[in-house]
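Take a look at these structures.
In what follows, chain A forms one complex with chain B and a second complex with chain C.
Entry: the complex of A and B
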């Protein structure tokens, strides 16, 4: 049964939250982004994400294998941009090096895993988490588990089509978009936001 | 006839809507061959079972002609589907086909394909399953496959089959989709009969699959980190393992939902309607549509106005479209080529006031469905075959 006007809000949502796509939330078209289940223009979304990062108490980037294990010039530049953005907003960087569940227990202080991401969120008291370079399937798994059981606000900077399971998401987030996000953050800071 | 290397790579949009076509008088199996010829398939694996054998035999001919890069016969259907999974996990565009008992023998693989996010395109040519043994047409296996996580298109004729196969590759290879699709065509009625089919004649083939856009890591042992592989992740009995599994299953359903916009781009509407304002609507899929069309003509001669709802997309089910199409209908007839009436069940769980449904007629075990039988159900309201 489809819920009407379903919004992808910060959790904890429920014991098992629904997949947003099954409740009318569509992926953004090119040139758009998603905020809490609603499609908005890319610029609006960049502005919104920049503000969210600046307002956060403990924002944390979660770079995944698509970023961590690539050694191309483009990937290196992408990594530098993530570090620069993280520095601007005083964010931490906790890597997601692979997708295998870690048993008996991961060290949540140093890494995050898509099958039990809540452990890292809780341990580090993360209020805004940013996914980048995570394969789309594993990103959606983790985003939904985070939404279900934690109060972390999730942002996905996706190189492909975006993520309905995130509270806010950009699609086709290439290095130009990351650069734009960085500049937007700097501009807002100049205005005295943080 | 051009060779593989003579074919220019084009988009699916070009192939379906712009490329030059000519009318040919061919069987459904030959329509499969012609679709595969232009689909840029890297791995095709077959195992013979009637009435599917001919299609994969013809795909074997394409291998001999150089249009398919790898082709071999598996040990049985379970092996074929497992091998196809391996090829897809390694980043190859794949194709296979089966039917009836072959579908059942391979069954464990279909939810595994979906769960592993494999963009596999497959043709099913449904026939009866044991027992008693039959090789004749029957769509009962479609009912079994409804909840496996694979997407399902039901072709009415060889033209539908040809077009649906060609469009399917682009649909399943989208990053946000990336789950398997089955294109179903009623065995014998279409696979073994000749029909006019508009075939692409330009020297073109589909662009190759780009596995780097996969939403899960490709199993490439030469590209680190192979430790990102798709290990089974439910290895412990605890809440979060179960929650991860549940979240994974939801993601498969979400992927099918996301596919709708891509399916629509190529297929148009998920259902087709004729005479939509008629108080009586016949809802059907596959060759039951053709029989229903004949029945509607006969009813018209008797002064009875009936409409047709042709359901092309079975999974994800076009719930909204069916609801709208049947919102004002007084009587709904659902003819099916199977005993269980899986389409009637789908419709009954979708629409309000489902006592409007006359579930049937149903024929199975290889029986044909004469239009007169549908006419009789429309006139008398008494189900046949139930």
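Entry: the complex of A and C
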């Protein structure tokens, strides 16, 4: 139940942006997705994310530990799908292997600094960032920092309940949904985009 | 299964930073190391913001380089200088509120036992003297009274280094510090004896004067903790910044004290001794 008409738009919003949840943005129900703080159907959200990725100048996937450090059959398939989507939209992949603050500095072209993601985003001029396989709390924290300090449009492909801090988020984004996203991207491309 | 979490998803091997590839290929996971191997493998802690000549940093490096089973180890830390290094550690670790480390470790150990009943998970507390013997003494002692299978390590620099040099319960009587200009008025807490009285199966007092005993005692403590009960290691780690020692002289201070009032000592119960014997091939 949204209390007010707050839109989770791309930043920079402020040094410390308010938590989207405090503005009444709630997580999507099953079969739904979230676009800029508003719950929409899953299909609409997939379509929207596909378009966003195709329109982006410098889209970048940020796979987290839940994806990078898994070698189960399911994770392997998931990894393959993410790389296929990245290839299809010509996106880079910058991993977030753990949540250590990188000290004294990191190479932002090689990895994202989970505690200062805005610095990494600025440096690479990433206009669309996609989080996948990042633990819930850390994802929300990093997404909020990015929204606060940069003009990067954030997308969270969440295997759990979605992320209200992202500009667009799918929930229960399992391999079937990733496959659907891949197919949607291909279809849109056939139609003439990018 | 435990080692599986230290394998990289092959679809991302090409984009993983070199540091992580090195950790997988040449790290301590699934390949037990000790202090003598330091420098020959990719260590879990390579960069830290601690001061030059910091003995805590030396002890920390030896400890994490001697873990019997790093892939199944979770370290609980607390406020203090050591907490600055924890965030750089390539190992599961929890930062607890000042003094709560043993209580957090108890909860963690219980949860892990329920979640992974067939697996050995080492829960190790590493904290300074302020967290262990002053602010967290209640939590420390009660975890020992309960017989919780936790290894407790204290980095004893005998003061509150991180906040500017206040005296701690572990400071030696009459010690003058930046924030204790009149000198400490009471004796150093005898935590090793308290640990023995509280039921620890293994207690060792070591110092950074010699690195091998730190590694050996720590390994023994972790192994004993798994089957027998709580263990306690106290490491003397003089602080060059607050004791006004030149960085290159800090090891000498540890050496001098290890020959006078901070000598190596070890207490082991019969059960623990038998258990260690049973592990020998």
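Just so we're on the same page, the second predicted complex is superposed on the first by the 190 of 194 C-alpha atoms of A that agree within 3 Å, B and C clash if a C-alpha of one lies under 4 Å from a C-alpha of the other, contacts with A are read in each partner's own complex, and residues count from 1 in each chain.
Definition applied: contacts are C-beta pairs under 8 Å (C-beta built on N, C-alpha and C of every residue); 3 or more make two chains touch, one makes a residue touch a chain.
Please read these numbers as outputs of a predicted model, since none were measured by experiment.
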Mind checking chain B and chain C on superposed chain A, clash or fit? clash
Let me test your reading of the model: by the given contact rule, A:161 touches which partner, first (chain B), second (chain C), both or neither? first
Tell me the contact category for A:9 with respect to chain B and chain C: first, second, both or neither. neither
Which chain makes contact with more of the residues of chain A, chain B or else chain C? B
Tell me which partner A:98 touches in the superposition: chain B (first), chain C (second), both or neither. both
Applying the touch criterion given at the start, work out whether A:69 contacts chain B, chain C, both or neither, answering first, second, both or neither. both
Look at A:82 in the shared chain and tell me whether it touches chain B only, chain C only, both, or neither; answer first, second, both or neither. second
Contacts of A:110 with chain B and chain C, given as first, second, both or neither: second
Just one of 9-17, 45-53, 81-89 or 99-107 in chain B runs into chain C once the structures are overlaid; which is it? 81-89
In the superposed arrangement, what residues of chain A touch both chain B and chain C? 69, 97-98, 100-101, 103
Which positions of chain A touch chain C when the two form their complex? 63, 67-72, 75-76, 79-80, 82-83, 93-95, 97-98, 100-101, 103-104, 107, 110-111
Residue positions on chain C within touch of chain A in the complex are 4-12, 15-17, 20, 47-49, 87-90
Which bits of chain B are touching chain A when the two form their complex? 117, 174-176, 178, 213-217, 224-225, 227-231, 233, 235-236, 240-241, 243-244, 246-248, 250-251, 253-255, 257-258, 261
Over in the complex, which chain A residues touch chain B? Could you list them? 16, 18-22, 26-27, 65, 69, 97-101, 103, 114-116, 118-119, 135-138, 140-141, 144-145, 148-149, 160-161, 164
